[in-house]
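Next, two complexes with chain A in common: one pairs it with chain B, the other with chain C.
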Partner chain A sequence: MERLSYTLNAAAPAKGSRRQAITGVVASGNLEVLAERVLPPDTCTVDIATAAHGFAAVWQAVFSDFAARHQAGGLRLSINDGGARPDTVALRLAQVVRLIEEPEA
Partner chain B sequence: MTPSSSRLSWLEASARQRLAVLVDPGSFAEFVGPEQRELSPHLGLFDLPEQFDDGIVVGRAALGGAPVLVAAQEGRFMGGAFGEVHGAKLVGLLRSAARQKHDVLILFDTGGVRLQEANAGELAIGEIIRAIVELRRGGNRVIGLIGGRAGCYGGGGLIAGSCSTLIVSEQGRISISGPEVIETNKGVEEFDSRDRALVWRTMGGKHRYLIGGADLFVDDDPAAFREAVEAALRRPARLDLAILEAEQRRLQRRLQRFGGARDGTDVWSILGVGDPAAIPSLATDEFLRQAADCRETADDAR
Partner chain C sequence: MARWCTQNEALAERLAAGRTHASGKLVALDRLPTLLEAVLRPGDRVCLEGDNQKQADALARALTQVDAGRVHDLHMVQSGVVLPEHLDVFEKGIARRLDYAYSGPQAARIARMLFGGQIELGAIHTYLELFARYFIDLTPQVALIAAVSADKDGNLYTGPNTEDTPTVVEATSYKNGVVIAQVAEIVDKVPRVDIPGDLVHFVVETKKPFYVEPLFTRDPAAITETQILTAMLAIKGIYAPYGVRRLNHGIGFSTAAIELILPTFGEKLGLRGKVCSHFALNPHPTLIPAIEAGWVEQIHCFGSEVGMEDYAAARSDIFFTGPDGSLRSNRAFSQTAGLYACDMFIGSTLQIDLQGHSSTVTTDRIAGFGGAPNMGSDARGRRHASEPWLKAGAEADPDAPPALRRGRKLVVQIGETFGEGAAPLFVEHLDALELAKTLDLELAPVMIYGDDVSHIVTEEGVANLLLCRDLSEREQAIRGVAGYTEVGRGRDAKMVERLRERGVIRRPEDLGIDPLDADRSLLAARSIKDLMLASGGLYRPPSRFRNW
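Moving on, here comes the complex of A and B:
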């Protein structure tokens, strides 16, 4: 496992009030993303455990893009990765932000 | 993001999606959720990826307002296999159900025991079966739902055999040894695991329903599974020596009747199905109509 951590510049806090959300499954070419609203609203962190070694620059690029497109302030993102492609990672990140914005049941 | 149940395939859905559309909306409360990070203590030794819920989602929910405890396996993570934490979560749920006098739903999707933590997984299977028997002896039901991609194999098949009622879709498969395991051990002449039609004729939902290995047969649709669960919750919850003896007699009779059969179609022919070769292509309604006349049932045993 390669473990990577990033702190992103969060332009705006994540919407909604849910405490946490999870999406995806750890399988070949797939990943799970757990989002927890536990950080100050101007901060977003990502911790990754990935089976595919040596792609730190690609992860960095995906997260720069993510931070620019989504409101993720206050979120601690945790990822277990089974070797997903960057487009799948971007999709799961968008899904988890969307899920945590949903009204509480 | 709860998908509307009419557009969701049970086969395609994830464990969390299945639970969300099966129980009363908003009623599910998870135990030992992913935020607690109860990860497998073994997978890291093999440098394999972990999942925050270890491939099983357990918790409390309501069905038609009545409280139930639920467990859903994620078949895409490690084939839904039982590891130490995965198994312990199900054992804990079943023991909790016995204390609270609640019925339990198990949404199976498993290849059996996780090879990387086989000892812990095998122990978990034994503990789960014991917990199911104790729960059923106390007058509660354990209902198994089978229609996931991984089927219900290995120790999962043993656990399924201990349930009060099994609900299966055509896509569901139930067995102990899976197709690849049989082929590896006995040769391709015994079982060609790449012959998908053979797999479904011998382990698939229709076959299991016809021989009484499953009790309710439903479409690959969460609404159909939910309706079947409601019916299963109305069935008597009795488990005693007389019931087990009746089941033993049924299984002995099954071996006498079908012991010489080489294929599912042979079994269906002996059961009295008019056109056994047509069974795999029948739509649910017509299949249920034909099955009603000749299928074996485990009603005495469950």
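Moving on, here comes the complex of A and C:
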């Protein structure tokens, strides 16, 4: 298991007021993302636990784009990765940011 | 003084030799190899019918059983190299030269045999191109074809999977060639005459149907959320703005996803009646929900699809059907329709390079072309206008005087940035180039040339190549939707951002696509069983797709 952490400059604070949101599943080729609104609004952190070693550069590229293209300020993101492809990671991140905008169910 | 009618005389000799093994036109199955030895001559051009779907399998088997001392050096001119027997005839020395179009399941073996020099390759064609050559310089002396049933006069019923047969028979029989047909049964009267009996010389009853591959069946259960996201991008970013009503969908899960979200996502956008009303397309099971929801007006088919026979017959308002009620397909006509009468082709591929050239060839697999390059190319001979065609033409050449400006076909490549086995869709150099070098081919086998491609769609967005004004813009537009492949990570971020501002690249957020919609609940059918239910039980999935 490899553990990676990133601190990102967030382009804008996350919308909505929900405290947390979770999406995805821990399964082969998939991942689970937990978002918690606990950080200053210009910061976003990501902690990853992954079974796939040696992809730090790809993760970094996915997160840089994510922070630039989405409003993720204030979020601490925790990822349980089951060896997901980068496109699945990017989709889950986009989804969790959308989900935390939604009113509590 | 030239001697004339030599071909007629040769035909008469072949037929006389064949008739000693037949009763009228009818030949017993166990006499088939003997019949073939009687009518075939060394060096003959032979069309052994088979494409990506139907196969003259009994005739293929019989051809492997002839004495290579008598029948050798045949020049095979056929759509598909699909059955093991199609290559066995080369191993046995019965055939030597090959001109073909498609080799899906034999892609690895044909590559090995080409490398090993066991096959002398003429060319790899598109279907329409090979059909065209049947009438110019690759006319078969003997055609071995497949039908459903025949009467004793040789009238053939080819049924829903008519496909290549009329074209092959036309080229062979009207140019003094011999036509031998395999049929499942001999009947008193065929349900409809697809091939007139006077063009058919011998018929063998096999007691079982010719083989058909369910190539166009995609199980909705295997569609990924990334494919759903990409499908939304294609519909909202291309289908809607161009108003694409006449089109062809390639094979694959990306286009299956589009078909399955028309009744949900497409309906929400109010696109019914405005897009996807006329198709050149096989009867894709994944199109059933859209047909049932009233999206589609008309479909002309290259072939049929296993299990779709009753559905197509019951939907004769949509499909072309014969007086017997069943589907009539015709590959040559449908390919022509795809080339000239469709405004868009959208399909998947295995590799796309920085110029937008695409290929399904990898270093150890030569899958051939099939029909995609016919559909996926701008028809330079097209002269009728339509809204999508004119709009695409204007985007490509905004300064030309409108009345003298050619329109453009929308040729769209769609796919996930990482394909099967995490292989990147985008590459610096196509494997096809390596292959061309190894085999000393004059042309690399390129499926769709970059200058024909109008758009590339991935989960990262839509790249509109028509709006690119030079090669470096084009390269960055491609890199800009290449995601986290090496090609994608090598993009010039500033230039990609400028292209995005100009609408050359449109990302999901630019198109107002909610990532939460990229969910399997958006699919109008989520399993093969759902498709069967949507058809009211008319679709009968082949057993390998039934898991209930």
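Methods note: the second predicted complex is superposed on the first by the 104 of 105 C-alpha atoms of A that agree within 3 Å, B and C clash if a C-alpha of one lies under 4 Å from a C-alpha of the other, contacts with A are read in each partner's own complex, and residues count from 1 in each chain.
Rule of thumb we're sticking to: a residue touches a chain if its C-beta (ideal position, glycine included) is under 8 Å from a C-beta of that chain, and two chains touch if they have at least 3 such contacts.
Keep in mind it's a predicted model, so treat the numbers as computed, not measured.
Engineer: Looking at the overlay on chain A, is there a clash between chain B and chain C, or do the two fit?
Structural biologist: Overlaying the two complexes on chain A (C-alpha atoms) leaves chain C and chain B fitting together cleanly.
Engineer: For A:V62, is the partner it touches chain B (first), chain C (second), both, or none of the two (neither)?
Structural biologist: In the superposed model, A:V62 contacts chain C only, not chain B.
Engineer: What's your read, chain B or chain C touching more residues of chain A?
Structural biologist: B
Engineer: A:L99 in the overlay: touching chain B, chain C, both, or neither? Say first, second, both or neither.
Structural biologist: In the superposed model, A:L99 contacts both chain B and chain C.
Engineer: Does chain B (first) or chain C (second) touch A:A11, or do both, or does neither?
Structural biologist: Neither partner.
Engineer: Counting only touches as set out at the top, which of chain B and chain C does A:D87 meet: first, second, both, neither?
Structural biologist: Touch status of A:D87: second partner only.
Engineer: Once the shared chain is lined up, is A:E36 touching chain B (first), chain C (second), both, or neither of them?
Structural biologist: Touch partner of A:E36: chain B, not chain C.
Engineer: What is the minimum C-alpha distance, in Å, between chain B and chain C after the two complexes are superposed on chain A?
Structural biologist: 5
Engineer: Considering each complex separately, which residues of chain A are in contact with chain B in the first and with chain C in the second?
Structural biologist: After superposing on chain A, chain A residues 95, 98-99 contact both chain B and chain C.
Engineer: Which residues of chain A touch chain C in their complex?
Structural biologist: 57-58, 61-62, 69-70, 85-88, 90-91, 94-95, 98-99
Engineer: Tell me, which parts of chain B touch chain A in their complex?
Structural biologist: 1, 14, 16, 25-26, 33-35, 44, 47-52, 74, 76-77
Engineer: Where on chain A does chain B make contact in their complex?
Structural biologist: Interface residues on chain A, with respect to chain B: 1, 20, 22, 25-27, 30, 32, 34, 36, 49-51, 78, 80-82, 95, 98-99, 102, 105.
Engineer: In the complex, go through chain C and note every residue touching chain A.
Structural biologist: Per the stated touch rule, the residues are 224-226, 229, 416-418, 422, 458-460, 483-484, 489, 507-509, 514-516, 518.
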